[in-house]
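In this document, chain identifiers A, B, C and D correspond to the written order of the chains, with residue numbering beginning at 1 in each.
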Amino acid sequence: MADEREDVFDKMHEECGVFGLWGHPEASQLTYYGLYALQHRGQESAGIACTNGKVMSSHRGMGLVTEVFAGDRLAGLKGSAAVGHVRYSTTGSSNVLNAQPLVFNFRKGNLALAHNGNFVNAHQIHDMLEKQGSIFQSTSDTEVLAHLIARGIYSTVTENVQASLGMIKGGYALVVLTDEELIAIRDPHGLRPLALGQLGDAYVVASETCAFDTIGAEFIRDVEPGEMLIINDEGLHAERFSASSREALCTFEYIYFARPDSDIDGYNVHLVRKQLGRLLAKEAPVEADVVIGVPDSSISAAIGYAEEARLPYEIGLIKNKYSGRTFIQPSQELRSLGVRLKLSVVKKVVDGKRVVIVDDSLVRGTTSMRLVSLLKEAGATEVHVRISSPPVRFSCFYGIDTSAREELIAAKKSIEEIREFIGADSLAFMTEETMLSAFGDTKMHHRFCNACFNGLYPTEIDARLDKLTMER
Amino acid sequence: MADEREDVFDKMHEECGVFGLWGHPEASQLTYYGLYALQHRGQESAGIACTNGKVMSSHRGMGLVTEVFAGDRLAGLKGSAAVGHVRYSTTGSSNVLNAQPLVFNFRKGNLALAHNGNFVNAHQIHDMLEKQGSIFQSTSDTEVLAHLIARGIYSTVTENVQASLGMIKGGYALVVLTDEELIAIRDPHGLRPLALGQLGDAYVVASETCAFDTIGAEFIRDVEPGEMLIINDEGLHAERFSASSREALCTFEYIYFARPDSDIDGYNVHLVRKQLGRLLAKEAPVEADVVIGVPDSSISAAIGYAEEARLPYEIGLIKNKYSGRTFIQPSQELRSLGVRLKLSVVKKVVDGKRVVIVDDSLVRGTTSMRLVSLLKEAGATEVHVRISSPPVRFSCFYGIDTSAREELIAAKKSIEEIREFIGADSLAFMTEETMLSAFGDTKMHHRFCNACFNGLYPTEIDARLDKLTMER
Amino acid sequence: MADEREDVFDKMHEECGVFGLWGHPEASQLTYYGLYALQHRGQESAGIACTNGKVMSSHRGMGLVTEVFAGDRLAGLKGSAAVGHVRYSTTGSSNVLNAQPLVFNFRKGNLALAHNGNFVNAHQIHDMLEKQGSIFQSTSDTEVLAHLIARGIYSTVTENVQASLGMIKGGYALVVLTDEELIAIRDPHGLRPLALGQLGDAYVVASETCAFDTIGAEFIRDVEPGEMLIINDEGLHAERFSASSREALCTFEYIYFARPDSDIDGYNVHLVRKQLGRLLAKEAPVEADVVIGVPDSSISAAIGYAEEARLPYEIGLIKNKYSGRTFIQPSQELRSLGVRLKLSVVKKVVDGKRVVIVDDSLVRGTTSMRLVSLLKEAGATEVHVRISSPPVRFSCFYGIDTSAREELIAAKKSIEEIREFIGADSLAFMTEETMLSAFGDTKMHHRFCNACFNGLYPTEIDARLDKLTMER
Amino acid sequence: MADEREDVFDKMHEECGVFGLWGHPEASQLTYYGLYALQHRGQESAGIACTNGKVMSSHRGMGLVTEVFAGDRLAGLKGSAAVGHVRYSTTGSSNVLNAQPLVFNFRKGNLALAHNGNFVNAHQIHDMLEKQGSIFQSTSDTEVLAHLIARGIYSTVTENVQASLGMIKGGYALVVLTDEELIAIRDPHGLRPLALGQLGDAYVVASETCAFDTIGAEFIRDVEPGEMLIINDEGLHAERFSASSREALCTFEYIYFARPDSDIDGYNVHLVRKQLGRLLAKEAPVEADVVIGVPDSSISAAIGYAEEARLPYEIGLIKNKYSGRTFIQPSQELRSLGVRLKLSVVKKVVDGKRVVIVDDSLVRGTTSMRLVSLLKEAGATEVHVRISSPPVRFSCFYGIDTSAREELIAAKKSIEEIREFIGADSLAFMTEETMLSAFGDTKMHHRFCNACFNGLYPTEIDARLDKLTMER
C-alpha cells in the first residue's frame, strides 16, 4: 500500500485514485468516503465535482481528503452524481491547478474529468492543440483530453469522448461526469484498474474495490480493458471503444500499490501477496530463526514466506502512524536519525537471531541498506533480504512514478552488487516467471504488464517522454 | 496500541505519555521526536518545555505533536534540557489550559511538570490547598502537585518534590524540570511505566522505550517503583522516596496501550501479546479455517493464536490510516456506514470460512458486535471471538480512561449473554491466571495490577473519585 | 473609497484593481505593496504572476493581499517582471478559479492577464469560441480574451492582443504579462483608469496612482483611452489600437471608488470631492449647526460643504476599523444592532443640533435611513441629508457592481419619496451639470461617462447582459 | 486612537480595554461586540469569560477579537454574565498565558479578572506571595491580585477583593466576575477610565463609552475613582474602597488613546481634541496655506487648528486600512519604503504649499522626521509641525507603554534640537497649562495626571519598576 507523504521509503508511487457515482442523494458525501478509502493512491491533492443535473459544483485543494474537505466544504456540493480524485505528489508540480477533477464548461455544458494514468502521446496532442490555438492552465494531460472532447464534431459528449480516446495512447482509468451522465473508461490494455459496483439503485466506479466496501456498495465486475460504461438515469450501457488488444494488467498494483482488501481483475491483493511470499520461500529459502516484513505493504508476503518456510513470523518493525505533512525534518546534527523516525526495530524479536526480512520491492536500495543496518545494530546475527518481486530495471510511463532509470539500482548493478550495497548476508529477488505463477493458471500470464521488470512496453513510447517536460 | 482520535473503537484509553532529556544541545528537537514516538499514548494535546539553565520557554497546544509544533514553533525552545508530554482527549475537558507540561514560576525559579497517571487523593489535597488560599487555572491534578512543591518548606526543589510525593497516592510517572535539574519519578507501585536511557552524555526518560529507539538512545533500565532519579550536570543520582510497596504493574500496558516494540519492566510488548495469543489458543481452541486479528493492537496475539492452533493467519481486516481530526462524520442517511469507514473486511479471506477473530480486549462490546456482523455479511460461515485478556469488570483510577462501570458490559452480563449480544458463534476470554502465565515465572504474578479485571485496587480509592468531579 | 468586505454600506462596488511592473529585481514584492495600496478596489481575492523571462510562477487566493500572501508565499515568485490583481467579491461566484491574474500556457509561451472592467459583448464571443471547441474553467470574461489571443493568427503576442481587442467592446484596464513583455491597455473610452509610472529603470502601471506613491515610483502619465503600452527590456513603446472614440471617464471613480490621494486623468480625487462638497453647499444650502460626513469616502465632500457653508465641520460618525471576514453577525435577538456595529455617532457633536450629513452617493437608501435614525436618537433636532452626486437611476455594465436596476431607489421613487423613506428633514442630490462643473472647464464635460445617472451608455449594451448569466 | 498592530507609528501604547455585563441572555455575544468597539485599546490578544451562575466558561487567544472568536468559539460561552478583555502587544511577552480574562478556581468558586492598568507595587506583593508558596503561570500582575483575593480571610469575594485592593498601588480599571456577581473597580486616582451603562435590565461596564453605543446601551455615569460597583441579580450596589485621594485622570486618554466618540469623565474625546487644536492655533500660529492632520488620532485637532487659524483643512495624508498581522515587511532592498507603506501624501494638496501638520503627540520623533521628509518630497515649500500636547519627558507606570525614558526625545533634546532632528521649518508643542484649559474651568485642572509631561506621579514608584523585570 503506497502510504507515505514523505519520501523516506524507497518505493514507486502511484499517481492517482478515481471514484464516480450516479444516482444517490448523498453523492458528494459518499464520494468523500470513497476517496478516503482510496487515499493510499495519492496524498497530494483531492477534489470532488458534483452535479444536480443543471449546476456542477466542485472543490479541490492540496492535502488529504479530510483536510481538503474540512469544515463545511462538502456542504456546497449538491446533487445525485459526483466524481472524485486523489493525486500523488510529484516533485515540482505541486499546484492546486493540477488537482483534479478538472471542471470545464464548453458548448455542450459542464464536464468534470478524473484521471489515473498517463497518456504516452500527450506531447504530440498538446503541440497540435496549441498550434490550433488552445490554451492550458495546468500541466496535466487530463486537460489535453478535455480539449479533444470539446473540439469533437459529434453531437453527444459520449461520441466525442469515444472519438478522443481513439487519438490517445497510454494507460488510464478515466471517470467523466456531465450533467447528463457518468462515463467510466479503462484503457485498451487495462493498465490501470477500474471496477464497477452498485449501491441500491446507484452505480459506482472506483480504482479499487476497497472503496465499495467502505461505502457499503456491492462489487459487480471490473471495467474491461477498452471498455466504456455510460451511466445515466436510464441505467448502465456498456460499449467497447477499442478493438481488443493484448491485456497488460499492472503487476505492481498487486505487489505494492493497492490495498490488501481490494480485488483487482479477479485476484485479491492480500492473497496474491501472501502467495508471492510462499513462492519466494520456495525459490529462495534460507536457514533462519525468524521472518519479519517491512510494514505495511510487505506484511502479507512475509506471512506467506514464514508459513511456507515453517519459520515464526514476528512483528519486527513498527511504523509510526502519526506522520503528517507538517513533520519537522531533523536538523543537520540529528540527520543520522533518518529512517528511525519512521520505522522502529523490535529488538527482542531480532536480537541474537538470524532474520529474514521480506520487502515487496527494491527500487533504489537506500531504505534496505538502512534497515539492514538497524537490524544488525539491534543484534540480528544475520540479515537475509527477500524481495517478493523481480528487480525493477525500467521506468514506467503509465502513471507510476518510478525513479528515473539511472536511479534504479537494478538497472546498474548485479544482484550481488546490490547485496553488497545494502549490507545483507544474502539477497534474493523473485523471477518474473515465479511471480506470474502466483496468479495461478499459467495461460493467464500474458495478461500482465511487466515492463518495469523486462522493458517490454505494451504501447509505443515517445522518446521525449519524461516528467520534466510534461511534468506528469 | 491506543490509536484512534475518534472513538469508534471499543477500547480503554491511556491518558498520557511523558518524556524528559538532560544534556543535549538539540533538547527540544529530540523531545519532539520522542513525543512523536509516544503519540499513541495521547492525541489531544502536546507540549514541550525547555530550559537553558536560566530561561524556561514552553509551547503547548491542542492536536498531534506534528500539528502543535508546525511551522517554527520549535525554534523558540532553546536549551539543553527539556520535558515533553502528550495527552489523551477525554470528553468535556478539551482545553489548552489542561495541556502539559504545566510551567510555573515560584520562589525557587521555574518548574515544568509532565505527568502520566492519576492521584487518587487529589480531591482531598485540592480542598486543603483551596482552604489555604490556592488558586487553580486547570482541572488537572498536576497543578495540585505544583502547589505542594511550591509550598514546601525545604530549601531544594528535590526535597520539596520528595516531601510532596509523600502526600500523594495513586499511579503516576512524573518528569519535573527546573533550571538546575531533571527529576523522574515513578509511583511506589509502578502502576505507570517509566524508563531511563542514555544518548551520548545525555540522559533521557520516557514512558516507553520506543521513544529511545526513535532518537537513537540506549535503554539503561526501568525507573523502579518508588524511585526518584535526579539528573543534573553532575550526573544521575537515584534515591527512593517511598519504602517498598507491593509492585502493581499495569497489565493493560502490555495488552493494549504500549507500542509493540517497547519493553516494559523487562518484557517486550509484542512478545507478551503473542504469548497471550498462544495461551488463548490452548485455553480456548476452536475448529476453524482462518485466524484474523483486529488491527493494530491485536495483530500480535492473533499471530500467536494462529501459530499455536496451526491455523493460517490472514489479514482479514484493514484499518484506514488516514483518519484525522477533521474527518466528516456520516450524515443521518449514511449513519449505517459506521465501523466500515474505519475497518474493511478482506472478503476473499473470510468468505465461506469459519473465522477466529482475536481482539485484545472487550469493553462495551459494541465494536465486536459490528465486526461480527461485517464478517458474516462478507460470507464468514462461523465467527469465533477470542479475547486475549479477561473480562473488564471494574473502572481504573490510575490514569486510564475506562468507561464508567455501568458501561462495562462484563460488569453486567455473563459471557454467554455477551456472546449473544455481539452475535458470535462462540466467545472466550482469558482467565487472569492464564494471562499472568504469559509473563513466565509464576512467582512474578504478584507484580501486576489487575484491578480492572478483579477489583483489587493496590491503593485506597476516594469514594468521590470520578471524572465528572475532577474532570481529569 | 470602496472599503467594506461586508455589505452594510449602501454603495456600488468596484470590481478590481490591476498592477504591473517590468524591470526590477524585487518585482513580486513591489507588486505586493502595489496591490496593498489598491486593496480598496477589491477584497475578495488577490494574485500575482511573475516571470524571470523563462518561467512564469503565480499564486492567487481568496482574501486580502496580506492574507493570500501570508507566510512565504511571495518567496516562490521570482523574476523582474510581475502583474497583480485584486478582485471585489460579487455574490455567488466566490471561487478561486475566478481569482486573477489568469495564467495560461499556449503556443507562444506563458501569458498572465489582469483585468479590471467588463466586456459587454463577452457573451457573443464566448458562444462563438464554444462553438469552435473552446473550454472554459472560470466564469470570467478575462478567459474569453485569453482564448482570442491564443487563437490569433499573427506571429507576435502583441499583434494578437491588438487584434483581439478589436473584437471586444466594453470598459477595461488590462495588464498582460508574457515572458518577453508587459502590455498595458485602456479601453477606447477610458472607462476604467490606468496610469503609468517609473521606479528607477523600471516601468510600472496601476489602476490608481496611490500605488506609485506607496512603492516610491513617479507618476509619468495616464494611459490614454484606446492606447496600448508595450514595455520590454528595450523600453516602452506606445501605440493606439483604436481610432479615437469619445472619451467616457467614469465619474464614480472620483465620487466614491478611488483613494483620495490618487490622481486620475489629471484630477486629484480628494480635491474633486471637496469641490463637489462646496458646489453642493451652494446648490443645496440649509440652515444648520454642524456638518458631518459618512466615513471614509464622504469626508472630503463634507469638509468642502462645511467650508463653503461656513458651518463647523465635525467628526460625527466613527467607523470601526477592525472588521474582518470572520466578523460574527448578530444573532436574531441582537439583529437590531445593525449599522451600530460599523458606525458610531459622536453624541456630544450632534445632540441638540441641526445636522447636515454629507454622503457621496445613495443607491438603495437603506443605510441613509438607518443613519438618520441613529442621529435622531442621539439628539439631533434636524437631519439634512446632502448627496454629493446625482441620483443613481441606471445599472453600470463596465465593471461596477451596481445593484440591479429594480433595487436602485432613485429608479423608482422621486426625491421627496426618498426623503420620506429615509426619514430626513430635507434631502438634496446634486445635478449632473453641477457635478461636472467640479472638474472645471465646461468644455471638458463631454469627457465623462454618467450612464448610471442618465442612461447614456457610451457603447451598445447586449440585452442579455446581467450578472446572473455571465456571473462576473 | 491607538491603532496600529505594527509599530511604524511613533506613539505610546495603551495596554488594555475591559468590558463586563450582568443580566442579559446574549452576554457573550454582547461582550464580543463591546470588545470589538474597544479593539483600539489592544490588538495582541482577546478573551471572554462567561458564567451561567454555575459553570464558568472562557476562551482567549492571540489576535484581534474577530480572529480569536472566529468560527463557533463564541457558541460555547453560555450564560447571562460575562467579562471581556483586549490586550496590547508588549515586546517579549507575547504569550497566550498572559491573555485575559484570567480565570481561576478557588475555594469560593470561579473567578475571572480583566484588568487595564498597572500595579506599581506588584513586585513587592509578588515576592511576598512567592515566599508564602504561591505559584505563577503568567507574568501579569493580574495573577498577583487573584492570589490576594483567594487568600483573603473574609467570607465573601467582595470583602476579599476590597481587602486586596488595600494592598495595591497603581492605576487600574478592573472587572471581576464570579458566579454570583460582577464587580467593577476604578483605582483611587481614576488613572484608568471605566464607565457604567445600562441595556434594558442589564448593567454593563466598559473602559470607554463607545462600547455602550455599539451595543445600544445607555451611559449612566463614570465609575468614580476609588469606587467599587457590585452588580448581581438584586441590582447594583456602589461603595468606596478607598478614602478620597486627589483625582489624577490620564490626559493621554483624551490626547491619543480613546476613540473620538467616547466620553470620559464628562468630556467628549473628539471635542477635547478639537479644542486642543484651536488652542494650539492660538498659542503657536504660523503663516501657511493649508492644515493637515496625521490620521487617525490627530484629525480632530487638525480640524480645530484650521478653524481657528482660518486656514483650509485638507486631507493631506491617507492611511492604509488593510494592514494586518501577516503584512510582509519590506526586504533589505526595499527598506527605504518605510512609512510610505502605511501613510501616503496627497501630492496635489501639499505641492507648492506651506503646510501645517498637526500631530497629537511626539514620542521618539522618528515618524515626524519621515513625514516631514515625505511632505517636502511631495513639493511642500514649508512644513510646520504642531503637536497638540506638551513634550513627553517621563515614562508612565500606570498601564501605558511609553518607551523607556532614554528613548523619549524630549527627555534629551530641546525643542529646537528636536525641530532640527525632524527637519521641520518650525515646531511647537503645547504648554501644559494651555492643554488643561481645553477642559474648561481652570479649577478642574488639578483633576489630571500629567506625569508623562512633568514627572509628578500621583503614587510612589518602585525603583525596580520597569517592564524587563515585571514584563508588563
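Note that in this section a residue touches a chain if its C-beta (ideal position, glycine included) is under 8 Å from a C-beta of that chain, and two chains touch if they have at least 3 such contacts.
Bear in mind that the values here come from a model prediction, so they are computed numbers and not experimental data.
Enquirer: Provide the labels of all chains in contact with chain B and in contact with chain D.
Expert: Expected: no chain.
Enquirer: Please flag the chain sitting at the greatest distance from chain C, going by CA centroids.
Expert: B
Enquirer: Taking each chain's centre as the mean position of its Cα atoms, how many Å separate chain A from chain B?
Expert: 36
Enquirer: Distance-wise, how many Å sit between the C-alpha centres of chain A and chain D, to the nearest whole number?
Expert: Taking the average C-alpha coordinate of chain A and of chain D, the gap between them is 60 Å.
Enquirer: Take the average of all CA coordinates in chain A, do the same for chain C, and state the distance between these two points in whole angstrom.
Expert: 49
Enquirer: Residues touching two or more other chains, restricted to chain A: which are they?
Expert: none
Enquirer: If every chain is a node and every touching pair an edge, decide which shape results: line, ring, star, complete or other.
Expert: Contact pattern: a closed ring, each chain touching exactly two others.
Enquirer: For this entry, which pairs of chains touch?
Expert: A-B, A-C, B-D, C-D
Enquirer: In the complex, go through chain D and note every residue touching chain B.
Expert: 96, 102-107, 111, 130-137, 139, 146-147, 150-152
Enquirer: In the complex, go through chain B and note every residue touching chain A.
Expert: Those residues of chain B that touch chain A are 3, 25-26, 29-30, 32-33, 36-37, 39-40, 43, 64-67, 69-71, 74, 210, 213-216, 259-261, 263, 268, 270-271, 274, 296, 299-300, 303, 307, 312-315, 318, 320-324, 326-328, 330-331, 333-334, 336-337, 340-341, 344-349.
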